[in-house]
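See the structures that follow.
Each of the two complexes below includes chain A, the first together with chain B, the second together with chain C.
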Partner chain A sequence: MISQHLLSYLIFTPVVAALVLLALPNSFKDYYKWIALGVSGVQVLLLFIVFSSYNPGEFEGFHLLEEITWIDLNGLKVEYLVGIDGISLPLVALSVIVLLIAVISSWNVSDRPKGYFTLLLILNGAVIGSFCALDLLLFYLFFEFMLLPMYFLIGIWGGPRREYASIKFFLYTLLGSLLILLVIIGVYMSSYNGTFDLLELLSGEGNLANSVFDRVTPRMILGWPARNWAFLFLLIGFGIKLPMVPLHTWLPDAHVEASTPISVVLAALLLKVGAYGLFRVGYWLFPAEAASMSTLVAFLGMLSIVYGAMNALASKDFKRMIAYSSVSHMGFVLLGLASFTVEGLAGAMFQMTSHGIISAMLFLIAGVLYDRTGDRTIANYSGLASKMPVYTSFVLVGFFAALGLPGLSGFIGEIMVFLGAFRSDYIPGWIAVLSTAGLIFGAGYCLWTIQRMFFGPYAVRSEGLMQDLSMREKIMLLPLAILILLLGIFPQLLLQYINPATNLMVKIFGDHLN
Partner chain B sequence: MTFVLLAIAMPVISCILCLLIPKRFMWLAPIVSTLLMFVSVIAAAVLYAKGWHVEVTAGIPWFQAGTSVIELNVFVDGLTLPMLSMVILISFLVHLYSVGFMADDQHAGRYFAFLGFFTFSMLGLVVSGNLLLLFCFWELVGFSSYLLIGHWRERPLAGAAATKAFIFNRIGDALFVVGLMITWQFSHTFNIPEIDNGGWISVAGLCFFGGVIGKSAQFPLLTWLPDAMQGPTPVSALIHAATMVAAGVFLILRIPFILVPGTATVMAVTGAITALYGGWKALQEYDLKKILAWSTISQLGFMILAIGAGSEQGAFTHLIAHAFFKACLFLAAGAIIHSLYHVAKHNEFDPQDIRNMGGFYKVTPRLFIATTLAIAAICGLPLFSGFISKEMIIVPMFRRALETGSFISWTYVGVFFVSSMLTVLYSYRLYVNVFFGPRATPYADLTPVPPVMQWPVSLLAILSLWIFFSWNAGGPGEWLAHFKAHPGNISVAQWHVIFPRATIIAWVSFGWTLLSIALGWYLFTYRKTKPRESQFDLDHVYDIAVLTPALRASDSLAKFDKQGIDTGLHLFAYSQVAIAKIASYFDKFVVDGSVSAIAWIARASGNILRHAGGGQVQSYLLWSAVTLIIFIFWILK
Partner chain C sequence: MQQITEQQYLQWLARLLPFLLPELLLVLTAVLIIFCSFWKKINGAVFFITLAGIIAHVAVLILSLSNVGYYERADDFLVFDLFSGYFKILVSVAAILTVVMSGRQKKMEYYFLLLTILLGADLLMASHHYIMILLSIEMMSIPSYILVAGLGPDKARAEAGWKFFLFGSVATAIMIFGMTYLFGATGVSFLESQSFTYAAQTHPTMFVVGGLMTLAGLFFKMTVAPFHLWAPDVYESVPSPIAAFLSVVPKLAGLFMVAKLLFTMNNEAQQLIDWSAVVAGFAMLSIIVGTLGAIGQTNARRMMAYSTIAHAGFLLTILATQVSSDPRPVELAIFYSIVFLTMNYATFMVIQVREERGGSVLYQDFGGMGYTAPISAVAITIAMVSLTGLPPVGGFMAKLLVFTELWKKMTAVKNPVFLALLVIGLLSTVASLFFYLKIPFYMYFRRSERTEPIKIPLLTNLLLLFLVALLLAQFIVPRVFELGY
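Let's turn to the complex of A and B:
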């Protein structure tokens, strides 16, 4: 019974809980966080069931499918179609874990807790929903549904410049959404049956002749094939979310202003939705166009890697530095996607999960300091290692994972992306070679920060009681550190799911490209 | 196989135990980890007893990259075993020594944990059967070196040195990764015995050599090593003299197929520059540990030169010989500094400056004897390991120069002699300054050196004798000369057949050493030359040429990011607001007077535009709808 609608339970438990929370009177306000925690607990249990019922060797393609016709209106057919494959499963798992940690991290929110936890729960459902949705319109709805809670969570519970940051975030992502929506409507209008069903669209057979996205006789718009425009629009649209240089400037501001749990969700999950969408929509529906623009995508990936790392090196604000490191790490995902090789794609997918864990850890680490002093300036700290040894150990794990030390999860994704990108027929070799500069700059900003903040004689130039980690903070950081180690030493734990899926995708892409 | 795994597993267990030990039982950490290392020593001894010509390959799948499986595999052969045993033995002695050295340290648990982790990574590097796995351990030894250099976290210089070491290594490692990418594309496997050769190997080889330059402190990435002396001295002995820095040399010998002519020349030239530069800097340095560090750089350059010039066997023998005598020198130096430490702190002088030493032969006779043996070995006197390894380097080098007669081959021979002389000179200067001459400080209140620190030094000194390298004190014999790194190696029986002039060259080499000692006596004992500390420092060059520009570029990129991209964005937003304002004025002054229906339409459009800048959700939905309608009209037209 439960296994039939497993994904729906996963998606809608938080939504239902959000409604319950809204209905509760204010006198229950101490229990809101418990409800949110309970929801995450249920999701963890559901996740276990998902993993136990998911057998990657059983068959290729999507598992746990649920299909109900949702809207059927004179040829406009929207389905409630959810399912997961080896690419979405790790991301669903990541979401459940990160959202649980976000709830724990929000434990001390006292300002309007009802609104806060309601929004967090809606965000929860929307994120997991967008990783499971296999109907384009459904995906788009979930995608948009993440936007609003995020806007308010930054704009109301953020730092001093929260309004600027949240408007910027909103404007940027709205522009992206608009472009994505245009393409989705175009895809719908070009499909033979008038469908949004991604599985049907993937085969590419139900393509309407003479439609705007016709494969056989390309429609030209401004002297360029419409399908190329479509991929470019998707690249920009999802690239904003990813974020891809030069469309990234919303990210540092949003992160600096957002509170710790929101930063964690933003970096660990929302960016992944961008990359996931680019793959699931852009690469699925327009593989030939994606391949023809691979050099551009790879170049933007390289640019993100190096540019992000150099900006991180120059950042004076701890959180801003971590935000730029996210830009740099997500560049690897672009580079891997552009490669069209199994190891490159698998590396990109691995990197998404790995970066989700690492960035969550890094933002929690930044939050620890911010909670104590309210100051994020790197130069105002020195010698923290002698006063906060446990904290320092976690910082070492987080930062060394970020710079890609073997044995920690960051390395596997990066090296697989490098191997795939260099071998790829679609990317010139120099792009992969120049991207390795990211390794040097990555070590540069990570270690320089550690050196300035943690080594040397102890000195803190701002008010606050500097004590080592509390139990709650340890509970949040320890699982992440363990996951980083586990995935670094036993990458096959994830790759056993990812590999069959990317294998299949490369095979399908190959059919399209020839 | 079992014993290989046993030997590797012990340091891991030691690391985990030391990290988990509660504070109250911290005194147990040194004892436990030293005992565990001793188990490793026994395992290595068993491997030896079983004979060396074993070749073991075994592995389990690690993860799948694309269609191939990357394995966790070991590859043990005649090259691995001596290296493995050397690492285990020196690591054990350093553990033992550290029991005394770190006795007063509050964080000894952490120290021994990292020491164990380093040993594990180094052993992993030595037995790795594929290049990716080797690279993983390659980075991990760098990581443990980072942790150990930065062991005294409160010292700002230690943090800086640790960071510098890691980043310099990273520069080389980025090239290593490029080498891996090339190998993956053309060979599609990382398993060392299975990599097939091709034209690509020369480029890949140069990239791997980039990694070697970082790890083995070759020119131009060498300044991190003297800075790394900020770490505890036993760490310098183990990591920055005997094992980790030699990993680069080991790597080349592990994949000898990269030694194609062009690459080999690049190596030899790099090694030659490094050997000379390191020796020259060692002559000018006054810090005891830094002299040894520059000497290590010079010796490593010497090994790389030897490999590039065609004496791989000699280079490997020198690697092992150097590991023993240099570890001995470092540990002896550590003991001397240790004994001076408290006096120095009290009287505020630098306990590492050789000008503050002198006359030590009477104070610590056992250390004096041990150091004498090690110094004799580094100078290459007969009956010591250095003599044999040097002969094994120069003889093939000489033969190649005679055969080819090329200028560059003779240059290598020249560099060999010059850098041998530099070695003798700086060793002589160090030795005389520390052990002879007037006492610079009163020794009444020197801290005594505990036996646990003296024994490892003595043992290492004994290991610098010829007997452990060859029965025959005058040249290569059974033992290490017999390793089979690759098919071109020469057995002992062949040695004298192939090199009929070997004996003459050995005598020439010996004479040259004596001449160098005489020169040392003339310069430092007779003339009492005090070298000026050199003004030239590669670090200044890097500061000006690389670091400052890189940081500046980052800063200006950050500015561009804040101002460039966002200014465009803001201009766009402002222009929207301005249009809305204009529309609103238009609305107020022009339209208000006219027909009310027209006015209503204008206001509506003004509202739309004004809201566009204001960030209201409804207006965006409206915008989406409008754009959507335009788009639909467009495509349906």
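Let's turn to the complex of A and C:
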């Protein structure tokens, strides 16, 4: 019984809990966080059931499918269609874990806790929903659904420049998502049966003769095939969320202003939704166009890697540096996607999960310092290792994983992406070669920050009691550190799910490209 | 002309009576409240009589609409069909909400004028003949001039009233001129496709000029740019219930008439001019003017005025997507109108809540309302999300359907104006987020000095919750709001 609607339970438990929380009077305000924690606990249990009922060798394609016709209006059919495959499963798992940690990290929120936890729970449902949705419009709805809670979460509970940061985040993302909506409508209109169903679209998209996205006789818009425009729009739309240089400028602002748990969710999950969407919608529906524009995608990926890393190197603010390192690491995902090889794609998917864990950890680390002093300037700290040894050891795990040290999860994703990129027929060699510069800059900013802040003589030039990690902070950081080590040593844990799915995708791409 | 006997005439009247009954009820109510106002003792009953009258009007309408084959044509003057019936129900619902919002404090004249506007709108929906169209438009306009100008010494309102009146009379004059051209070109004084086809062949210039001028008069009612200039002043100075009423009722009535005119003028045999492209052009202009105009505003009411201008553009867009006899755009127009009505009333209701506690409705006056008046804040936030066109509310569904229809039209007709309209529609959605978010922004992100909760009447809160539930339902189960045509 429970396994029939497993994904729906996973998506809607937080939404229902949010409604319950809204209805509770203010006298219960000490229990709001317990409700949020309880929801995450239930989700962890559900996740175990998902893993136990998911057998990657059983069959290719999507598991745990649920399908109901939802809207049938004015000739517009939308299905509630959810399911997971080897690409979405790790991301769903990542979401559940990161959201659990975000709740723990929000434990001390005392300013209007009702609104805070309600929005966090809605965000929770939307994130997991967008990883599970297999109907294009449903996906889009979940995607949009994340915007408003995030806007308020940054704008109300953020730092001093939160208002500017939140509206910038909202406008950028909305612009992107409307480009996506445009393409989604076009895809619907160009499919033979008029459907948003991704599984049907995989074979049936662009089948309708004389439609705008007709595969056989392409329609030209401003001298360029409509299908190429479509992929470009998706690239921009999801690229804003990803974020891809030069569309990334909202990210440092949003990250610096957002509170720690929100930064964690933003970096670990929302960016992944962008990358996941680009793959699931862009590459899935427009493989030939994606292949023909691979050089562009790879170039933007390379730009993100190198430019993000250089910015991180130049950042004076600890959190800003971590934000830019996210830009740099998400560039690897683009590079992997552009390669069209099994290694590259699997590497990109692995990198998404791995970066989700690492960035969550790094933002928590930044939060630890900010909680103690309210100051994030790198130059104001030195020699923290002597006063905070446990903290420093977690910092070392996080930063070494970020710079790609073998044995930690960051290494696996990056090396697979590079294998794919160098082997690929779609990426010019010079882009792959230039991308490796990102590794050097990455090592540069990670090691330099560790050296400046944690080694040397102890000195803190701001007010605050510098004590080592509390129990709550250890509880948050420990599972992430364990996951980083585990995935670094046994990448197979994740790849056993990812590989069959990417193999299938590469096979399908091959059919389309020839 | 053949002679009509008295008996035939009576039979004709008897057949027509059930169709005219809703309108007769309105007339009856209006007469009744005039009598009521003569005696001081039953003065207070005016509110209830008005409410009861409009509710009875809606009830009769719904009952007769549920009859199979609701259709009647009274010579060339009036046509009663399902499409007009749905719109009549919509404007009546708007009238009910306005009466409830106004409360019991108002004078008899106020309700009387509201009833007259409603009657005018109702008759316009049934009009088929130029004279009928003109009469009902005037019946709708003249009371609204008085209502806007107000009966007191308020200078701003008098100015808005004058502006409204002057613009309105010129617009009507232009429309009359256009109609005479159409009459001259077609040779008939009512809307008939064949004669328009004939006119397009024989008198092309008169047909085009006449059509444009007639549309212009209707566009004035709909606040379509460039005939929108009166709207911001009027919306700023009148009480919220009337502002909400004026933002919905004349717009829907005008929309209906434009649809009717467009579908008759744009039949397939007529190759001269693609009227839907013309309408698309006006829609585009309206969306641009509305969006750009709203960005610079600091007053919630002026912002709403520009917002309705932009939404008028979207409503026109729906009409422009009509391809031959496909009924879908018409159904979509009804759906969009329902959503439009819900979100406009929710917004103006909260504006009224704010106004009753201290005059002005600049954005900063909403500061801290998220904590002092939580239900109002949630309601206006959801209304604003809907006005922008984001999920999970009706506004998203409405806009999604508009864009879908537009895409279809774009595929069918290779006229670049539709592609441009699609792009502008999407861009305006992004830009509009900027100003629609301002009120929620002040409500939640800024605190006011006053922190004690604002006391709001239970009825207002219930109504707001009802409108919010409606907006959510329009997203979750839109099927319920899709009225078959």
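Criterion: the second predicted complex is superposed on the first by the 510 of 514 C-alpha atoms of A that agree within 3 Å, B and C clash if a C-alpha of one lies under 4 Å from a C-alpha of the other, contacts with A are read in each partner's own complex, and residues count from 1 in each chain.
The criterion applied here is as follows: contacts are C-beta pairs under 8 Å (C-beta built on N, C-alpha and C of every residue); 3 or more make two chains touch, one makes a residue touch a chain.
Quantities reported herein were computed from a predicted structural model and do not represent experimental measurements.
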| item | value |
| --- | --- |
| Larger contact residue set on chain A - chain B or chain C | B |
| Partner chain in contact with A:Met220 - chain B first, chain C second, else both or neither | neither |
| Partner chain in contact with A:Gly75 - chain B first, chain C second, else both or neither | second |
| Which of chain B and chain C A:Leu182 touches, first, second, both or neither | both |
| Which of chain B and chain C A:Val212 touches, first, second, both or neither | both |
| Which superposed partner A:Leu174 touches (first chain B, second chain C, both, neither) | both |
| Contacts of A:Phe422 with chain B and chain C, given as first, second, both or neither | first |
| Which superposed partner A:Pro491 touches (first chain B, second chain C, both, neither) | first |
| First (chain B), second (chain C), both or neither touched by A:Leu478 | neither |
| Touching partner for A:Leu19 - first (chain B), second (chain C), both, neither | neither |
| Common interface positions of chain A, toward chain B and toward chain C | 148, 167, 170-171, 174, 178, 181-182, 185-186, 189, 212 |
| Sites on chain A touched by chain B in the complex | 148, 167-168, 170-171, 174, 177-178, 181-182, 185-186, 189, 212, 246, 249, 252, 307, 310-311, 313-315, 341-343, 346-347, 383, 385-386, 400, 405-407, 411-412, 415-416, 418-423, 432-433, 436-437, 439-440, 443-444, 447-448, 450-451, 454-458, 490-492, 495, 499, 503 |
| Interface residues, chain B side, partner chain A - complex | 61-67, 132, 135-137, 139-140, 143, 146, 150, 153-156, 158-160, 162-163, 166-167, 170-171, 173-175, 177-178, 180-182, 184-185, 550-551, 553-555, 557-558, 561, 565-566, 569, 573, 615, 617, 620, 623-624, 627-628, 631-632, 635 |
| Chain C to chain A touching residues, read off their complex | 328, 331-332, 335, 371, 385, 390-392, 396-397, 400-401, 403-404, 407-408, 410-411, 419, 422, 426-427, 429-430, 433-434, 437, 441, 444-445, 478-479, 482 |
| In the complex, chain A residues that touch chain C | 71-76, 112, 137, 141, 144-145, 147-148, 151-152, 155-156, 162-163, 167, 170-171, 174-175, 178-179, 181-182, 185-186, 188-189, 210-212, 221 |
